[in-house]
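Below, chain A partners chain B and then partners chain C, in two separate complexes.
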Partner chain A sequence: MSEIKVNTWERFTFGERMARFIVFFGFALALSISLRTVEVIPEFLLDAPTQVADLLARMWPLDYAYYPQGIHHALMETLHVATLGTLLGVLMAVPVGIMGANNIVRVPALHWLAKLILVSSRSVNSLVWALLFVAVFGPGPLAGTIAIGFRSVGFVGKLLAEALEETNPGPVEALTAAGAPWLSVFVKSYWPQVAPAFWGIFLFRWDINVRESAVIGLVGAGGIGMVLDTALNLFYWDRVSVVLLSIFVVVIVAELLVTNIRKRII
Partner chain B sequence: MTGVVKVKHSSPFKANWWGRFGWVLAILYAIYAANFLDVSWTRFVAGLGNGADFLSEMIPPNFTRWQLLLGNLLETVQMAVIASVFGILCSLPIGLCAARNLLPNWVTWPFRTFIALCRSFHPVIIAILFVKAVGFGPLAGILTLVLASIGFIGKLFAEAIEEISMKPLEALRASGAPFSSVIVYGVLPQVLNRFIGFSSYQFDVNLRNSTMVGIVGAGGVGGTLFAAFQRFDYDFLAAILLSIIALVMMSEFMSVQIKKVFQ
Partner chain C sequence: MTTDQNNMQVSLPQRSIRIENLFKEYVPGKPILKDISFEVQGKSSVAIIGASGTGKSTLIRCVNKLIPPTAGNVFISGENITKLQGSELREARRKIGMVFQEFNLVERLSVMENVLCGRLGYLTPWRAWLRKYPQTDIDQAYELLESMGLYDFARQRADSLSGGQRQRVGIARAVMQDPHVLLADEPTSSLDPKTSVEIMELLVALSEAHDIPLVINIHDVELAKRFTSRIVGLSNGGIVFDGPPSELTEEHLKTIYGGASWLQ
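Let's turn to the complex of A and B:
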């Protein structure tokens, strides 16, 4: 009689299983520690239903009459901040994105510089950027526009660099072989390949910026956020609800617009 | 006689007049918008001088109140962890119920509306409402981030489910499996990996947002940041900003590692 060797098949190796276990265990541990130490005041939670009822009662009826006198101009300002900020961000992001694409720029130092710019732009929140630029340029839409621009650089630059890295080298080689100068190579071989992605990124970022420019006014950077802040501080909750409604409408319209344009160009 | 055939060569790179017109329009718009916003070169230049002062006051960063800073950062991380776990747990069923290929329309549309509502408001605005509802402190921030997580993961998860292959589901249904088995053995194995990807990304986003909701009083390091800003305590502000950036980079590194484990 010979021994029969039975193969047992396992989906993961021991190391993989341990790694997964450690991740789950770490999360469970972090959760239990956090839940035990976070400072939540239970009385506030019990009080919440009455507070919400009070909030809704104060918000209703909506003060529509406030829209033409106080909100409309600020809303337009918000849209302009978002659009101009996106343009500014894209303008700054194109060189950084080219620097970050490792098939175009092969100098490691420039590559790391681009990485640094992209990461630092993304890790600072747009509200914090707005705070910084309010300190520099004073309250108003100028600070907001520049904050939105600086925040957009990281996002647009990263995606643009990735799109540039995915381009087909064929047209580039053909143009280089024919003796085209660097600018022509870029405009006629890289640009047509990344243009759809570029417009997609632009629209996507514009959509995000419309949402963000609506709140950066809370720290004084212009737009409808400043109207919201004033209404909140004065407890005009019926005006707050009109402001929220108009932000909601603008955000939805922007999203619909972007989805429809994206469907056409991609 | 041989006729000379004249071949008209057109340039391979045609001029795109509509495109050029578009660029001109964009420039005109930029000028108009700059006027509308009262953005001018003189203000910009004046600001640069302020910026130099501002930077010189920020350097060197002041870490003497590191205990306060550490406590705040800890609260920020706690908020992100709690909100991520509850947000992910909630978005699993909500995403499932919002997938149009599994359930009839009358079931999915309330869930899809809820997800759209969670997504359409910026976390700061939701935080303002929660601060009014449950008072100042981390609880308002946690609830905000839970809603934001549902908006993001719920939407992506529903889209991922809508893209799955229906064949295993048909096989399961044909063999008489109940709905719960169809979900557990037909749907989840196809989307769980992507769900984990979304979740680790969302943890990252939650951590970033939890540093900010404090600006409106919803707990975390944002409150201290805003206070330092309002008191012109710029060297402490620089310390807070540096530690936020360090925290965000650490979490980005961790989420890459976690994604590697699950690939």
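Let's turn to the complex of A and C:
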């Protein structure tokens, strides 16, 4: 009756090994198909280093003199677009975020409406939003601000809804038990719990928006992107490099600012 | 087993809580609470004991309708609150102070503001938001904090306090409501033995000083016997013992908690 029991151990069962093989095979197949689709032209690929060197040579030396006359104003406009757009987005996102938190709003219809707004805001890229609003309001910073605002709603709203859903229900229960009206419960128990997250999201989105608003000018939505577009079209590469440098500096400064403020509020 | 059906003093202005034939079913046909009836008046206190999962927490939450009961009535100082909705329910809840196992303070707010949260039922949201608390409330809060030895902590954040201190803040918040009944849901379960005794002393002292009936859910039978004048034992959702601690025998404990091996 006694049979010798051999304790074998393998990380994967046979089924798991087969599944892994199929997944790897699928990846390899997808890679080869997509390589064929991008149609790499070998001559252009080999030529690339020369082209990059040429581009850099044209960009150098930087045309700093152009900054005060052509870039500064546009850069400030970009910052304004980013800031106002973030404010607009957050204003719209707060009610949607509250509506989307399933521990606060228990009406499924409102919940789905919130999800729909959040998803549609995020599914459209800032550039596409900008194109739409340039068509509506005409080119300029107004279209850019509203585009940034609409794109921010989905981001801020979703993260706010998640933060609200993660709050500790205990204090909410305590204040409800004390007979506090709903708004007071929100202000005194939900809000204090999500406030650090909220300001963090706000700053993070502003940081992202500074970068995005630099780009949306390419489609005519105001700011430094428009200057970049003009310089590119006219082959003023030394101006292009100044524009890129100023965007870079602004992004770094924004990043430093946001990190520092976040540290203080949390 | 004795049930308090012989009280005819419901109309007295005394602060009281009366639970009548309370049932709670989460799933139809499977009651968590079966026909619970008891009454507590004035400065008396009652401990509800029972194994985990017998519905002690549900019972206490049925009182203020945080969990709506399936059937039965709850009277707070003679007012039936089970049928109330909306703002009437909120006004009734102000009369029911509640203390929690995990304290349920708003961690990021100051101790003072946590205590003042007990007054939120009396304030408009607008005033709450702007922190425009009436001076009388602030005075009362300072008085309470001082009596609990927490005066110096008023401006600190609630999350900087120890467990015992937090529970005192939780109790102060409940007392701020000017309650007609104090409910405590396992108020000592997160605390060490010494602090547990101090918290029980505080609860009983407040109940006696302000004539507030006290209902405490508690695991610790010894603490219950030491501090309350009456014990209600729950088992399988029903009351299996109701009487003074002196009458609580090992037989009762076996019925309440099941088995005998845990009794020496």
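Everything that follows uses one rule, which is that the second predicted complex is superposed on the first by the 247 of 266 C-alpha atoms of A that agree within 3 Å, B and C clash if a C-alpha of one lies under 4 Å from a C-alpha of the other, contacts with A are read in each partner's own complex, and residues count from 1 in each chain.
The rule is short, and it goes like this: contacts are C-beta pairs under 8 Å (C-beta built on N, C-alpha and C of every residue); 3 or more make two chains touch, one makes a residue touch a chain.
Everything quoted here is computed from the prediction, not taken from an experiment.
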First, second, both or neither for A:Thr230, with chain B first and chain C second: neither
Partner chain in contact with A:Val251 - chain B first, chain C second, else both or neither: first
Which superposed partner A:Arg211 touches (first chain B, second chain C, both, neither): first
Which superposed partner A:Gly170 touches (first chain B, second chain C, both, neither): second
Chain B versus chain C as contact partner of A:Lys188, first or second or both or neither: both
Chain A residues touched - chain C or chain B, whichever exceeds: B
Which of chain B and chain C A:Asn125 touches, first, second, both or neither: first
Partner chain(s) touched by A:Ala178 [first = chain B, second = chain C, both, neither]: second
First, second, both or neither for A:Val23, with chain B first and chain C second: first
Touched partner set for A:Asn102, first chain B, second chain C, both or neither: neither
Where chain A meets both chain C and chain B, residue numbers: 188
Residue ranges of chain A in contact with chain C within the complex: 168, 170-171, 173-185, 187-189, 192-193, 195-196
In the complex, chain B residues that touch chain A: 13, 26, 29-30, 33-34, 36-39, 43-44, 47-48, 50-51, 54, 74-75, 77-79, 81-82, 85, 120-122, 124-125, 128-129, 132-135, 137-139, 142, 208-209, 211-212, 215-216, 225-226, 229, 234, 241, 244-245, 248-249, 252, 258, 261-262
Residue numbers on chain A that touch chain B, as the complex places them: 16, 19-20, 23, 27, 30-31, 33-35, 37-41, 44-45, 47-48, 51-52, 55, 76-77, 80-81, 83-84, 87, 119-120, 123-125, 127-128, 131-132, 135-138, 140-142, 145, 188, 211-212, 214-215, 218-219, 222, 228, 232, 244, 247-248, 251-252, 255
Chain A-facing residues of chain C, complex: 64, 66, 87, 90-94, 96-98, 100, 102-109, 113, 117-118, 120-121, 123-125, 128-129, 170, 173-174, 177
